[in-house]
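Quick heads-up: structures coming right below.
Each of the next two complexes has chain A plus one more chain, namely chain B in the first and chain C in the second.
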Partner chain A sequence: MLGIFQIHEPDSIEEASSLLKEYGYEAAVYAGGTELLLVMKEKLAHYSHLVNIKTIPGLDEISFDPEARTLRIGALTTHRQLEHSSLIAEHAPLLAEMESTVGNVRVRAMGTIGGNLCFAEPHSDPATLLLAWDAVLEVGSDEARRRIPIADFLLGMFETALQPGEILIDVHLQLLPANAAGAYRKFSTHERPTATVAALLQLEQGVIADARLAVGSVGPAAFRAKEAEEMLRGQQPQEELIASAAESASRAADPVDDLHGSAEYKRHLVRVLAAEALDLAARRAQAEVDYD
Partner chain B sequence: MTEGLIGQERPLVTISLRVNGEPVEAVIEPRELLLDFLRDRLGLMGAKRSCDTQVCGACTVLLDDLPVSACCTLAYEARGREVLTIEGLAQDGALHPLQQAFIEHTAVQCGFCTSGMILTARSLLQDHPRPTRQEIRHYLKGNLCRCTGYWNILKAVESVAGSGRQRGRVGEEAT
Partner chain C sequence: MTASGSGIGRSVPRVDAREKVTGQARFAGDLKLPGMLHGKVLRSIYPHARILGVDVSKAEALPGVVAVLTGADLLDIDPYYGHSIKDRPLIAIDRVRFVGEPVAAVAAEDEATAEAALNLIEVEYEVLPAATTMQAALAEDAPLLHEVEKLRPGLFHGLGELRPQGNICYQHTIARGEVAEAFERADIVVEGEYTFPAVYQYAMEPHTAVAQWEGDQVTVWASCQHPYLVRAELADLFGLPVTDVRVIVPYVGGGFGSKSYTKMEPITVALARKARRPVRIANRVDEAMVTTRRHNMVCRMRTAASADGTLLARQVSLWLDTGAYADNGPRVVATAADAAPGPYRWESFHVDAYGVYTNRPPSGSYRAFGATHLQWIGESQVDEVARRAGIDRVEIRLCNLLRPGEEVRPGGKPLDADLVGDVRKIAEALDWDSPKPPGTGRGLGVGLLAAGARPVSTAIVRLQADGTALLLVSTTEMGQGARTVLSQLVSEELALPVERIKVPGGDTNVTPYDRSTGASRSTTLAGKAVQRAARQVRDELLAIAGEHWGVAPHALELRQGAVWYGGKSLTFPDLIHERFGFSGGEIIGHGTVRPEAGKGSYAAGPVFWEVCIGGAEVRVDPGTGRIHILKLVSVADVGHAVNPELVEAQEMGASMQGLGNALFEEMVFDEGQILNSTLLDYHVPTIEDLPDAFISRLVENEDGPGAYGIKGVGEGALAGVPAAVVNALADLGIKVNELPLTPERIWRALHASDVPQRQEPIFKENP
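And then the complex of A and B:
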């Protein structure tokens, strides 16, 4: 049974933020509750004030700005909405593809993208893909708003750049250029992923103009495989190059031994998944294969 | 805050919702879980508690037609909304086609997973009247049957989806 708590129903970010400040460590943002209620059920933490941000209008909307070619995804957008949204299907099919693999239908119906990122559980699909995508997160309080690149937002295991009283408002995604494409690969033995890899490649006349490779779930936080990205730029996406880049990403990983598998096994998974993701991204960028 | 201290204030909320089409109003503590609300207050025992962590699906009910884990959902979340449990599926004494199909395909062994399986399938069919086998498997992935009767469950859902004959017999695909 859950401990006793009170639920607050703010109408605005400002009100939610001042509630969080007023109650300090006694308070938590309550979105879909899929993580928060589990933590409270297990008595790992207790909050006597839940601030239900679902009563704030407009936080679950997805919109597209055709001029700037950006998608704006409200923090309360559920995994299910992202899986099925026609805007996402049209402009960011890779995101929908990844979202359809999160947890199970029930978690996708309740769980939000914002809750996933703010909880910073290391086994996260959205964190891995959005890190490769260089998503920008807008956070706000009763005083100010600021934008944080996702790489500076995800600081470690259960650790983000959110300051006391700050709330994640939305996720901004710049659409990939026409000659770029991406791929997402994961491996799971449990409900949450064991290893996750996202690759985005931009090709100009058969040469990789830009490469972004993110690895997640194996260590405390998702990371960009910078050395692998360097190796790929300016080269043609050939098998040996992809194999060496995947090897480099695997070496860069800092996996931990846990119930999901040994560190050595996870390194192996990263190598295999990175090679698959890079290969598929390259073929998609050359329009040889489409998104699922 | 320590739980259950004498004199500790217990916040209450009033919720009104519909459960299986019937209006329900109740005064609850915000911490009451939907599963306990349905089972202990309303006596609806179809949704079961098993893993208690959103993994198994035994507690699945539909909240505004979407499957949720009642074990990890606050009853408070159902305010102003419609809850459907397995008890509400039959209409005028006639079983829902999915219930009928589960009987015909022997898709029930101990029955512990059955209400969750059927409600999840009902949610899928409402969105996608003719899902592919792949889509059925994807949608039901989070509902575990510890009697491992997946094969017959798949066949039962396919028979209602009308995709069984269209897409070859069960077992012809590698995955």
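And then the complex of A and C:
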């Protein structure tokens, strides 16, 4: 049982924002509902007012700017849309690859990228990949708009940089250069992943020019394995280097014991997944293998 | 005469398929009665506490609330029930014994109001020391769950005198010969301590009941497997003659044992009694999980063998956690004891099995109980004996398996199955003698399950004037295909197409007595009653036709809804017209199955030994420890398959459930509180967990006690799977003594040298 609530159907970001301000802690944004309705059904939270932003036009669009080489993904774009969009397939196949692994087909059909990021569930798949990708999030209210790098947006477990009345509008993604590629690896025994790793590598003449490695699910929020990234830069992607970087990412993780497994096991999984992701990213960057 | 029965042995489509896939099928929760209220249950938040007071005044004052039920409303009845041990109040009286135990119930005009009212009920508890694990419950100074000298026997206990010893509510021992002597003589002794987790049946439909009183009579629509046993317990609780209680069972959305015996019906009936209006209570999944579950278990087993692999003796002690109330625990204890020796020719064995009360939700039936608990343990020890003796793991079984007619357990029914043939079939399906691809392990497991429960079933066939038949039988259709299979038996006997046979749901005022739907018994026992009922109708049709043509019945033939004499025929409507001289009337046949003391195959229990057998080929990811099931194999030793596709579906379903039990299902408790009560955290098998290949072989030796040599199916494959997987892992050198086989556990086993292992035995001393 969801309990009793009032639903609001605003026509604009401004109207939604002022509703959120008016009802404060009594209100929640209702996007795909796959996380929100679950916590309400489980009585972990109750909101007397749901602000359904699906009635705001234009929030579920994907567009590509060829000059800036950026993708703009509306906050209400569903995982399923991203999984199957031809624009995404052409310009960011790694994103589609990750999206195809989110939850299950029912969750992907209803759940949105914006809802996923704003809910800040620690086991989010998109958060891990987009953190490695340095995505930029545009948020707005009835007063102003601003852009936040995703690293500054994801603050912790169920915690984001959104201010009262602010709504996520879209996600901006800079396309990877031609000599860069990435990989996303995850391990799950339950609906939500136990550990997730995203790796992006840019190679110049066989040497890693840039490396980004993000780890998710094991702690309160996804994090970048900075030390591992440093180790990788300027080096050739050899097996030993990848193993050391993976080991570094594993050490940087701060996992906890829970139903998904012990901290020790999760730390081990990060090492395994990071090595796999880095290896696959390197091979893709050298055009040895393509995206699935 | 001959009946050209075309009813059995064919995979006719399920008779309920269209209704179910189009959403037309009705379940208990779909019922809407005029004036019906919605009930919600307030549940205990403590594993063990005294109730000092329940203040319902604020809840009663909430607009829309019609009644609030507490223990204080039950002073005029004896509110305790339990089919084996009468230890459970239908709502807490003065004490709660597990997190989730009903403390109060609200009936309101709608669900939201009922739920809101729960928050307004104030319960004052005095928290008591709790025994939330078996270790705690068996400790010397453990708090006692039920402080009585003698436990009260339930209506269907059949267990002898019940004197609890501390928190042990039931003990069952089976023994033959002297094991100590055999262990002294043995060249090979394998021993270990093993644990099996608490798991949930996870039927798609949680328990649902709707109750309506009319005067002193009550009608209950329930998602229950055993309507007649529920009727008896309700009558007993509310002091009514059984005929004043009517239990109606529409389609049931899966049972797997979770809906065996009485569950949510008593509280629903009590709430409707207080509200004086019909009440519907539908459990949520998290509520269903604290209504019943599979027993978690600790088991110590040792097996003795001679150097050549001849099995000599087995000794077993096992403790099953039955939770706060016995439910079906005693039967599970006895069945686990029966399964513990395994299907081998032992010189001696000794099994001590205990049911233990703890401050956890009650445990009851779950598909293939007992056998699933024990088979993986016993079979892993047989594999270990084979390894130490240096003989093949199939060979050791072929040498030691019981042969048909040999005693399985003292006083029980001798073996009625060709286990040697079944093991050969599994081995063949696994390509046992072919070289294994690197990194793959193969395993198999064989065992026996005491099946059939009590052999008491009745059925009525009503052949109507239009030539269609109505089959009245109280077997619950819960997805297993009972209505289809029983229709096929009538079709076979009356030579009537399946489409012309209707099987309505169970209704204790209409359909005749059947003991229960479970223990793989329906096709065998209800089916036998159905066959007998149909034969009575057939005999009467032949008699009428014989009289008409002036010939003996054996000269006649039943075909296509008619009786034939040479080229002449009389349709069933013709024959009914002939009988009654009118276009109305009907021919009724009834059939009965009962224990036939001293003769026949029902004399000594069990009704039949269900063969539990499975094989697996697996691979393990060394990085994560995840088990990949390359191949799963089952053998359905069914005597005679009425509907081969339904048999295969049963095998596949049971095997998948077995995979869940083997690989990932576990209810995790902390201080008696379940931590994973949603599908997010409790993983049941999904389409993504299917093995790469599933092979099911059918064995039809016509050696069962049912019609045409039928014996039941649906549970054996489940018990076979954990055994097969555990043995396939051991084939890869990975030894485990704890289910489920989560990736983390396998990873720990793989890295036994560099990962800290749990060293402490669960019990240091015999409890």
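As a convention for this text, the second predicted complex is superposed on the first by the 292 of 292 C-alpha atoms of A that agree within 3 Å, B and C clash if a C-alpha of one lies under 4 Å from a C-alpha of the other, contacts with A are read in each partner's own complex, and residues count from 1 in each chain.
To be clear about the criterion, a contact is a pair of C-beta atoms (placed from the backbone, for glycine too) under 8 Å apart; a residue touches a chain by one contact, two chains touch by 3 or more.
Remember, it's a predicted structure, so these values are computed and weren't measured experimentally.
Of the two partner chains placed by superposition, A:R224 touches none, neither chain B nor chain C.
Residue contacts after overlaying the shared chain place A:L37 against chain B, while chain C stays out of touching range.
With both structures placed on the common chain, the touch criterion links A:H79 to neither chain B nor chain C. Between chain B and chain C, B contacts the larger number of chain A residues.
In the superposed model, A:K186 makes contact with neither chain B nor chain C. Touch criterion met: A:G261 reaches chain C, while chain B stays clear of it.
When the two structures are aligned on the shared chain, A:L269 is found in touch with chain C, with no touch to chain B.
In the superposition on chain A, A:Q6 makes contact with chain B only, not with chain C.
Across the two superposed structures, the residue set of chain A contacted by chain B and also by chain C is 1, 3-4, 38, 104, 191. The part of chain A that touches chain C in the complex is made up of residues 1, 3-4, 38, 42, 104, 187, 189-192, 259, 261-262, 264-265, 268-269, 272, 276.
On chain B, the positions that touch chain A within their shared complex are 1, 3-4, 8, 10-11, 13, 29-31, 33, 52-55, 57, 60, 63, 66-69, 72-74, 76-77, 120, 123, 138-139, 141-143. Chain C meets chain A in the complex at residues 111-112, 115-116, 623-624, 626, 664, 668, 675-676, 678-681, 683, 686, 742-744, 747-748, 755. Remark: chain A residues 1-7, 26, 33-34, 37-38, 41, 46, 48, 50, 80, 100, 103-107, 109-110, 191 touch chain B in the complex.
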